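Next come two complexes built around chain A: one with chain B, the other with chain C.
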Partner chain A sequence: MNNIWKLVLLGAVMAILLLFALGLQNDPRNIPSPLVNRPASDFTAPALQGGGMIKLSDYRGKWVLVNFWGSWCISCVAEHPYLMELAAKTRNRTDFVMLGVDFRDTPEAARAFLARHGNPGYPHAQDPEQKIAIDWGVYGAPESYLVDPGGTIRMKHTGPLFPGWFEQRALPLIQGATKP
Partner chain B sequence: MIRVSTIGLLTLWMMAAPLTLEAEVRGEDPTEAKVRQIAKELRCAVCQNQSVYESNSDLAKDMLKLIRDKVSAGESEPQIRDYFFQRYGDYIYLEPTTGGMNKVLWGAPFIGLAIGAVALWSAMRRWRAKAMEESRSDSTRVETDPNLQARIRQELDQVNL
Partner chain C sequence: MWIEIAHFATLIALLLAIVLLAAPLIGIHWQRLVWIRIGRQSAFAICGLLTLASAGLIISFLQHDFSVRYVAEHASLKLPVFYLATAMWGGHEGSLLFWAWLLSLFVAIAAWKHWNTHPVSMPWVLAILGGLLLGFLLLVLFLSSPFERLIPPPPDGRDLNPLLQDPGMVFHPPFLYMGYVGFAIPYAFAMAALITAQGDSEWILATRRWTLFSWAMLTIGIVFGAYWAYYELGWGGYWAWDPVENASFMPWLTGLAFLHSVMVQERRQMFKTWNLFLIITTFALSLLGTFLVRSGVLSSVHAFATDPGRGVYILVFMAILLLFSFGLLTHKADLLKESPQMDSALSREFSFLVNNLFLVAGACTVLLGTLYPLAVETLSSAKVTVGAPYYNKVFIPIMLGMLALMGLGPIIPWQRSSVTRLRQEFLPALLIGIVVTILAPWFGITHGSGAVATGLIFFVGVTHFGDLIRQARIRMGRESLSASRATWLLVTRNKRRYGGLMVHVGTLIMVAGFVGSGLFQEERDLFMAKGDSMTIGSWSLTLESVDKAAKRNWTADEAVIRAERPGAEPLILRPQKRVYNEHSQPTTEAAIHSSWREDLYVVLGDGVKEGVWAFRIYRTPLVSWIWVGSTIMVLGVFWAMMQGRRIKS
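For the complex of A and B:
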C-alpha cells in the first residue's frame, strides 16, 4: 500500500518535471494565432514599387505567402537572403506566389531597404498605419502567413523564415491539399 | 499687503488647479472615455504587461487609433473587444477571461483543495485508528502474555539484591 503511494508520488513529480521541461522549450514569441484555418482578411493597398493597387483576393487559386516586414526590422535583414532564394526558386511555380506587406514604414525607407539588400521581385503592399498588420494579428516583424488557394490561412510563422522552410513546412501542406 | 495677496492668489490657484484637471476628465468627450475604457483592458501585444492605453509602442498607438476609429464609427465595446480577440486570441485581454477552457484553470485549485482535504481527512482517520489499535494491543499483550510474565519473574528471581 505504502509503496503504491510512493510510486504515485514519484509519477506525479516526474509528470510535473516533464511538463516543465516541455514548457521551457516553447518559444515565448510563438503565440498560437487564432487566425489559422480561418478565412484570410482581404486587403487592397498601394504597391510599394508602383503598378497600382495590390489586392489579396486577386491571387485566389494560388497559395500565397504573405510576409510582413519593415525596413526598421533587424530580423528582416537576416531573413532577406532566404526570401530572395525562395522567390527565385518558386518563380516558375504556377500554384505559389509571394507577397510582402511593408508595415509601419515609409515607401522611401522600404525602397532603400530593397535597393540595399536586394529585390526579391515579388510585389509589396504598403501599410503605413499597420491597419493590415493589426487586421492579421501581427505582433512584430517578420511574420509570415501561408494562405491556401481558397483564401484560408493555413499556417503562421513568427520570426524569420529559415532556409528549408518551404520544403519542410509549406510543401507538405501544398502537396497534401492537391492529393485526392 | 502685496505679499499676502500674492500668497492668497497662489493658494487659490493651487486649490483650483486639481479642480480644473478633474473638470477636464469629467467634461471629456464621451467617445474618448469609451476609447480609454476599451484600450485599458487590452494588452499591448509587444510590451510586458502594459495596456494599449498606457503603452508608448507604435503597435499600441496604432491600435489605439484603430479603437478610436471604430468607436467613432459607432461600434460597440463588445464588438471592438471581439475584433481584437478574433485576431490575437485571449492573450489580448489584460484580465484573464473566465470562459471556455479557462474555467478549468479557475476551478482546478478548488478541486485540488477539496481532494487534498478528503485525502487528509481519510489519512487522519487511518492514523488515529492505527494509534488506538497499537495502544490497545500493547496493553493487552503485557497483561495476557503468560510466557513473558513467567520469564520476567524467572529473571527477577535469579537476581540477588
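For the complex of A and C:
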C-alpha cells in the first residue's frame, strides 16, 4: 500500500472520529426556529382562569414571554419553580409580561396542576387542540418564546427555562432594544 | 424472577467474554493448545448464556412483568402477543442485547465450523470476536441494561410505539442486525489474516458464505425497512435518504464490492490488500450504523431510542476498533505478497476493478451526505439537511455505470479478451439497448436517465440470457441433452455463477421499479365529502363513507372508498387514521391496492370540517417490482451459497 493512501485512510478515520466526538456535544434542542425574527402569529383563546379571552396582540408595547406547557409534561414540573420565581420578580416591570399557553390539555387537569405546584399568577390561554402550538412550531413542552413590543418573536427556548435565564438571555435583548 | 436469571446469565457471559479474549492469546503466546480450546468452549457457553438471557427478557414480556422497566416502557396489557414477543428489539436496551446474542451465536457457529479448517487463524479470530463481545456486553450491562427493575411496578405498561406495531417493522431490525453482525466473522478472519501476515486465500474461503449470508440479510433488512416506510408512514415513498437508512446502505455497498473483488483474489491472487480493506470497512460501517442509531448524534425519524450518554461509550469503543483495524491494515499490508499485474483492460478483473470503484465511490458519497449535516451543525450552528436532490444527482450516474458494467462483467473472460470476440458477444445486446434507449421517449419515458436506464436493463438482460442460452447450447451439443435438461444442469452445477446472475436479474427488476416509481408517481391532495369523486390515472375514486373502526389496542376513523377502473371489478379501499390507546399521536394506515402495473395508495388525513376529509392519493407505477426484484436477489444469493469452495490451495 502506498504511503499516501495510508495517510489518507488514517486521516479519514481520525477525522470521522473527531467529528463524532464533537458532534456528541451538540445539543439537539438548539435547533434554530425559522420563526425567530418573524412576526408572532396572533391568537385569541379562552383564559384558563377567571373566564374571558386572551389575545396576544393586546400586549403590544411590552415584551411577552410566551410559555407553552401542559399538565402532562414532566419537564414542566421541573421548570415550574423558576416560572414562579420569575413571575414574582418581574411583577412590577411595566415592559415585560408572561403568558402561558396550556396545550393538548384539559382545563381541569391544568387547574389541578397549578393548584398542586403553585400558581405563578400570570394568565394562561387554553389550546386543547394545539392550534396555537402548531402555528408556533412547538414540538415539545416546555417551549418558550420571547416576543418584542412590536409583536416579533425574538428568541425561542426549547426545554425548561433555567434559573438565571431572564438575566442571561432575555435582559440583554430587552435592554439592547431600548438603547438608542 | 426470569429477569434476574437473564441478568445473571449476561453477567457470566461478560466474564466468559474476557476468557474468550484472553485464553486464545495466552495459548498462542505459550504454544498451549488447551488454552485455545478453553477459548472455544467459552464461545459456546456465551452463546448458551445469552440465549438464556434473551429468552428471559422475552418471557418477561409475555408475562407482562411491568416491574421490569424495559417491559413497562415497551409493552402494555393490550399489546398483541406477536408484538409482545418481538418487542424485545423495540427499544434501545433490548436491541443491544439482541445484537450481542446474534454475535454470540455467530461466534459459536464460527468456532464450531472453522475449528478444523483454520487452525492458524482460529485463536486470533476467537480473541478478536471475544473483544467485540466484551465491548457489547459492557454496554448492555452497565450503560443500557434491559434488566432494571421498576419499583413499585406500574399496573400497565406504556405500550410499544404504534409505528413499530407493524409486521414490516418486526422483521426489519433482526435481518438488519443479522447483516451487521454477520460481517463481524469475515472481519475477524481478515484481521487474523493481517496479524499472521497470511493474506492468501485461507481467510477468503472461510468467509465467502458468511459474507454472502450477511449481505443477503442486510438486503432483506433494508428492503423490509423500505417496505415498512412505504406501508406504514403514509408518504407514498419507500426511501428517504435518511441518515439511518444510509447507515445500512453503506455497508451494503462496500459488502457488495467485496463480494465481487474477492473473486479476483480467488482466481488471480490480486487485490489482497484491497479485499482486507473492503471487509474491514464494511464491518466498520456496520458499527457506524449502530453508532448513528444508538448514540443520538444524528437526529432522524429513527430516533426511537437514543441516549447521548451512551454515545460516549460507543464512540470510544468505535475509536479503539477503527484505529486498531485500520492501523493494523496500514502497518501490515506491505507484508502481503501481491501477485500478477492486470494483463488487459479488456478482462473481467478490470471490470471488477471499475465495479469496485463505482461501489466505493457510491459509499463515499453516501458517507459524505450523511456526515455533512453533522459537520455543519458542529462547526457552525446552522442546521442543514442533505436530501434526495443531492443523492439523485450523484447516485443515478453511479447506478447507470454499475448497470452497464453488470452487462459486461460476467461475460467478459478473465485475463484478456479481444475486440473481435467482444464484438461477437456484445453487439446484439448493445444494439438492442441502444434501440430501446432511443425508442423509450415514444413510450413515455422522456426523462434522460430513465431512458438510459431502460436501455441498460435490456442490454444487461440480453447479455445474461444470451449467455445462458449460449452455454446451454454448448452443453446440448456436447452431451446431446434436451434444452431444458441442459439448462437445468448448467444452473445446478455452477450455482455460484448462476446465483450471481440471478442477483443481477433481480437488480434489473428492481431498477425497473425505481424508474417507474421514481419518475412516474402521480400525487393528489384534496378534500372529499361523502359521495365526492376524483380520478387519478385510469382510476376513479368515490368516497362512500367515513366510519369508526376499532381493534384491541386501537380505534380509528376509517374511510370507505370505491375505486373503479374501466374493465375491472370495483375495489373497496379502507384507509385509516388510527389512535393507539396509550398514545395521543394518530398514525396513518394507508390503503394500498397493489398490482404488477401500479399501486394505488390512499391516505386519510384530518377532518377539515363536519363531513369533509383531507385525502392524499398516489398512483405509483411498478412499486411491486422492487419487492419482487429484491426477493429474486436474495434467492440468488442463497443459490450461490449452496455451492462450496472452488479453489484448492
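Just so we're on the same page, the second predicted complex is superposed on the first by the 157 of 180 C-alpha atoms of A that agree within 3 Å, B and C clash if a C-alpha of one lies under 4 Å from a C-alpha of the other, contacts with A are read in each partner's own complex, and residues count from 1 in each chain.
Going forward, a residue touches a chain if its C-beta (ideal position, glycine included) is under 8 Å from a C-beta of that chain, and two chains touch if they have at least 3 such contacts.
This structure is a prediction, so every number in the text was calculated from the model and none was measured.
Asker: Let me test your reading of the model: by the given contact rule, A:L35 touches which partner, first (chain B), second (chain C), both or neither?
Answerer: first
Asker: After superposition on the shared chain, which partner residues are touched by A:K55: those of chain B (first), chain C (second), both, or neither?
Answerer: Touch partners of A:K55: none, neither chain B nor chain C.
Asker: Go through the superposed model and pick first if A:R104 touches only chain B, second if only chain C, both, or neither.
Answerer: Touch status of A:R104: both partners.
Asker: Applying the document's definition of touch, where does A:I134 land relative to chain B and chain C: first, second, both, or neither?
Answerer: first
Asker: Applying the document's definition of touch, where does A:F20 land relative to chain B and chain C: first, second, both, or neither?
Answerer: second
Asker: Where does A:K89 make contact in the superposed view: on chain B (first), on chain C (second), on both, or on neither?
Answerer: neither
Asker: Please name the chain, chain B or chain C, that touches the greater number of residues in chain A.
Answerer: The larger set of chain A residues in touch belongs to C.
Asker: Quick one: classify A:L10 as touching chain B (first), chain C (second), both or neither.
Answerer: second
Asker: Need the overlap of the two footprints on chain A, from chain B and from chain C, as residue ranges.
Answerer: Common to the two interfaces on chain A: residues 31-32, 104.
Asker: Applying the document's contact rule, which stretches of chain B touch chain A when the two form their complex?
Answerer: Spelled out, the residues of chain B in touch with chain A are 45-46, 58-59, 62-63, 65-66, 85-89, 91.
Asker: Help me check something: in the complex, which residues belonging to chain C touch chain A?
Answerer: Checking each residue of chain C against chain A gives 273, 277, 288, 291, 295-299, 308, 311-312, 315, 318-319, 322-323, 326-327, 329-330, 333-334, 371, 374-375, 377-379, 381-383, 584.
Asker: Can you list the chain A residues touching chain C in their complex?
Answerer: 1, 6, 9-10, 13, 16-17, 19-26, 28, 30-32, 104
Asker: Can you check the complex and tell me which residues of chain A touch chain B?
Answerer: Chain A residues touching chain B: 31-35, 104, 129-131, 134-137, 139-140.
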